[in-house]
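Here the chain labels run A, B, C and D in written order, and each chain numbers its own residues starting at 1.
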Amino acid sequence: MGSKVVSLVEAVRPIKDGATIAMAGFGIGSGPIALVHQLIRQRTKNLTVLGIIQGNDVDLLIGAGAVSRVDASGVTLEDFGLAQNFRRAAQNDEIVIREYSEASIYDRFLAASVGLTFWPTRGLFGNDIMKVNPDLSEVTCPFTGERYVAMPAASPEWTLLHAPFADENGNVYHPYRTDFAGFTEVILRASKQVIVSVEQIVDRTWAMSHHRDTLIAGWKTVAVVEVPFGSHPCGLGTLYSPDAEHFREYAQASRDRESFLNYLETYVYGVRDHWGYLERVGGMQRLMKLRSGSAGA
Amino acid sequence: MGSKVVSLVEAVRPIKDGATIAMAGFGIGSGPIALVHQLIRQRTKNLTVLGIIQGNDVDLLIGAGAVSRVDASGVTLEDFGLAQNFRRAAQNDEIVIREYSEASIYDRFLAASVGLTFWPTRGLFGNDIMKVNPDLSEVTCPFTGERYVAMPAASPEWTLLHAPFADENGNVYHPYRTDFAGFTEVILRASKQVIVSVEQIVDRTWAMSHHRDTLIAGWKTVAVVEVPFGSHPCGLGTLYSPDAEHFREYAQASRDRESFLNYLETYVYGVRDHWGYLERVGGMQRLMKLRSGSAGA
Amino acid sequence: MASHDHIASRNRYSLEELLAVTLARDFHDRERGFTGMATGGRTGVLIVGIPLAAMALARRTHAPNLSMLYTGHIINPALEDIKGLFESGPTLAAVRCEARQSSADIFSMVERGEIDFGFSSGAQVDQYGNINTTVIGNYRRPSLRMLGAVLLPEHFALFGREYILMEHSRRRFVPRVDFISGAGYIDGPGAREKAGLRRGGPRWVLTELGVFDFDPATCRMRVKSLHPGRTLAEVRDQTGFELIVPPQVPETIPPTDEELALLRHEIDPHGVLLGRA
Amino acid sequence: MASHDHIASRNRYSLEELLAVTLARDFHDRERGFTGMATGGRTGVLIVGIPLAAMALARRTHAPNLSMLYTGHIINPALEDIKGLFESGPTLAAVRCEARQSSADIFSMVERGEIDFGFSSGAQVDQYGNINTTVIGNYRRPSLRMLGAVLLPEHFALFGREYILMEHSRRRFVPRVDFISGAGYIDGPGAREKAGLRRGGPRWVLTELGVFDFDPATCRMRVKSLHPGRTLAEVRDQTGFELIVPPQVPETIPPTDEELALLRHEIDPHGVLLGRA
């Protein structure tokens, strides 16, 4: 069979300037950060990012100048404050933002996932989102005459996903899902192609007895790459926790443009690869402590 | 707290003549048969049944004269042949049938589950369902101009559900779900009220550590009743298998009206309660053999 | 297809093997093929058993990355775990496979148009490839009410193409089905497009007598090949409408020894799929 | 609300306890209350910690069947399992609870109108109860871009009612929010209905100074009660618009000993929810 296993460099190479992408995860949880770093390294530009609530994933890309448009209901570092690159780009009118509510943009993915071209919602009535988002329209229920706001379906050309396991055919297994996995599932269903990084590539025997943990079947997967701790500094499901210390460093560094460029130089451009990144953020000794349930000192 | 635990008789009493109901399960799998039997015993009439693909659940109700309308994509006894009471009632024009395709009626429940009043579909184009179903309309995508068939949302007043476990608050736990659980989930979300029978009512301590197995949270549950083997002769998830021998008897008995009335007399009207039914279908010795993985003789 | 011994007795392969091989050769690598849940009986062999064997054969020959969707949920199952063509919760759950997906996944795949092909049967098929699983006779007062359309509307409206497997008789091959449960070419050229259909439709009808496709100009059923030993006269005798017959009607190409060995030793050693069990 | 020591120093209860008790008394049995994910800091205390304590208190007093939806997913959690107001995957997954539901369940509950009440905060609230978490200044060139509307549109459009918890200052209590991220009464009577909203909207605004509701006739914010020791002058000084002040402004009713005992000994013994940790 044709294995889909590639290097990190090869995995994101097909994403060209101007592509429309999504990144699985929710807020600062479970982001595909190793893939995002590589997108930055290959200096992709003018991305449109579709998301529900995004975190450092989008903020990194914006800070690296890779993004021209974001459709989302929020971008936040959660406990670590505002997403500063997002904030700065919005204030300087450097990116286009299409405002949505959380459920309504979820529904845009849901629409695409079931092959619909639009979705009706009631959640935006009375909201200034209706004034500033030019992509909205209207639709009327043919049975009740009720009026809805209509939104276009959201179908990313590429979704970047980091997950615990995949096989070489691109089937992805996630035994460590949290309650937020539903967001990832609908985005994956809505996507045309999926680029997957995983903690570990598993063999067929393993896969055949872990089918109950399937996150997505392999046919839309175009690349599989093994990058342990590929969500760092995000946590990954219930498998490992976010690196709070690194997030604080990130939040501090992103407060102004110069220091953020230094951050990118240190952690993205200036490392030889993902192993170099893991080394620079503290190496194995630091990373092992992030594992779920770890009580060691 | 106000416990929702009631007797089988009390559980279905609120369902009045003319009500709109659904029954969780798929085909002849996991039907809420003990609840159905009790609905028959209380001689409810003129029910509208909303379903995706239904089995002996609907066929029993039709055979007992309880149904005036069925919205579904199919009614079948699967390996045991046509649903004969359904067949006969349709041939004699005794019930109204609203024809749908499997995905389209699933989508009607999905619509209700997300608070929409209609759902657009492409699956019915060219099909005679569009000629015989007067409930269909049209809707046009405001973005692409694409034409869809519009269907009204489907929201049962009551859904009857049989599941492995529930607590007295009506939270339902199902650690033995099959791939078909998704059908039940969408029907439950779409329903206004849920009547639950379970293999076993569990206490709060058990519940608090089995939350990962929640099928539905308790707020729409109006009654909880404990009826072991309450799906018989259907199987229940991966917990127990269908009783093939009883299904063959059912299929044979339902070939004509007289012999089906005898079946009802024997197994529904003529037993003192659910325990009497279990006794009559073979009692504990027979039922224990249906448990999943049973290898005993 | 009660008379399939006809082939087996004279040949070194069964009808089911011939159909499986014929189907397998028509599948492409990386396609996704869908079978419904096996509900037993002859229909189970036709629309689940033979299709599963055909897809497994294609994966072992020219289409290693073809995905088989058994019951829609179970992707590339370990065929040795399928114990029969009527399965319920506990047995289906025990089938090992590469991946599983939920019902929501399936319907969303179907509605997004990600299924390349499916398989169906029915009480009737007509000259335009419409099939019927709903009623025999007048819809309001049918002489026979059957199960209903189930997923057939989607098979014929949203899948990339459909293979129809039927027993061949005048009762089943009718000029016009009594109810279109799965839309073929409806009533001729342009009808699918006019109805709003954008892809898909019936590719072949496979029976115990031969393989049939549809003439692009008229959308009417056409003899594509006759199974070894079968004649046009037999086919015409069992068909309730006029078939298009090309000047040269080839014989259905029999299985090779290698194909038969794969089917008998690797794919279906116990005859569960191809009806020898 | 940096100055909440003001109450604590003079009273036998903290501001957070007063707010929790005030909220708890407004909940009814069998209602479903929703809190988002705790993201830490003072906002976490306001829109997650205090609400969870309030719902837990109501369940232990007059509303035993009230359902608490923590992060939406976690129903009636064991509060002792909540270790802090910033949680991530592993810690949230470990919280025991009566039931869990998926994100699809949550959004479908929200869209079906099955949530009775929620809690929110923002950078600005105005006299009509609109709140803003999107931008300060002009939308196209804002002086501050914030996180965005997230689920606030649904809180204010689809929930049964909304409680707003804010720090009380002129900067936050503005005549007109710069962006309506959650729609209150928009610009006055009839505006919600005209916009297509059929239910819900802000019920109260709770601050360190008092509790505020909305005058039914004008839809403008009104003083409902002042916390013990607070004055109208203080409130007016910290509010950027004219509040409606009824002739009699009562004092916010303090917690009873029993309520305090429940909060301190059963519900929040380690001060995780009410900000004493």
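The rule is short, and it goes like this: a residue touches a chain if its C-beta (ideal position, glycine included) is under 8 Å from a C-beta of that chain, and two chains touch if they have at least 3 such contacts.
Bear in mind that the values here come from a model prediction, so they are computed numbers and not experimental data.
If you take subunit A and subunit D together, the chains in touch with both are B.
Pairs B-C and A-C differ in how many C-beta pairs touch across them, and the larger number is found at B-C. With centres defined as mean CA coordinates, subunit D is found 59 Å away from subunit C.
Subunit B and subunit C have Cα centroids lying 30 Å from one another. Averaging C-alpha coordinates per chain places the centre of subunit A 39 Å away from that of subunit B. Of all residues in subunit C, those that touch two or more other chains are 74, 100-101, 107, 111, 158. Shown for subunit B are the residues that touch two or more other chains, namely 107, 114-116, 122. Contact topology of the protein chains: irregular, matching none of line, ring, star or complete. By the document's touch criterion, interfaces exist between A-B, A-C, A-D, B-C, B-D.
Against subunit A, the residues of subunit B that register as touching in their complex are 107, 114-118, 120, 122, 137-139, 141-144, 146, 148, 150, 152.
Within the complex formed with subunit B, the subunit D residues making contact are 30, 32, 64-65, 67, 74-75, 78, 96-101, 105, 107-109, 111-114, 158.
Residues 27-30, 53, 72-76, 78-79, 82-83, 86-88, 90-91, 93, 97, 99-104, 106-107, 121-129, 132, 147, 176, 178-183, 186, 235-242, 292-293 of subunit B are the ones touching subunit C in the complex. On the subunit B side of its complex with subunit D, the touching residues are 1-2, 112-116, 167, 169, 171, 189, 204, 207-209, 211-212, 214, 216-219. Here subunit D touches subunit A in the complex through residues 37, 39-41, 44, 71, 73-74, 86, 88-93, 100-104, 107, 110-111, 134-135, 139-154, 156-158, 179-183, 186, 191-192, 195-198, going by the rule given at the top.
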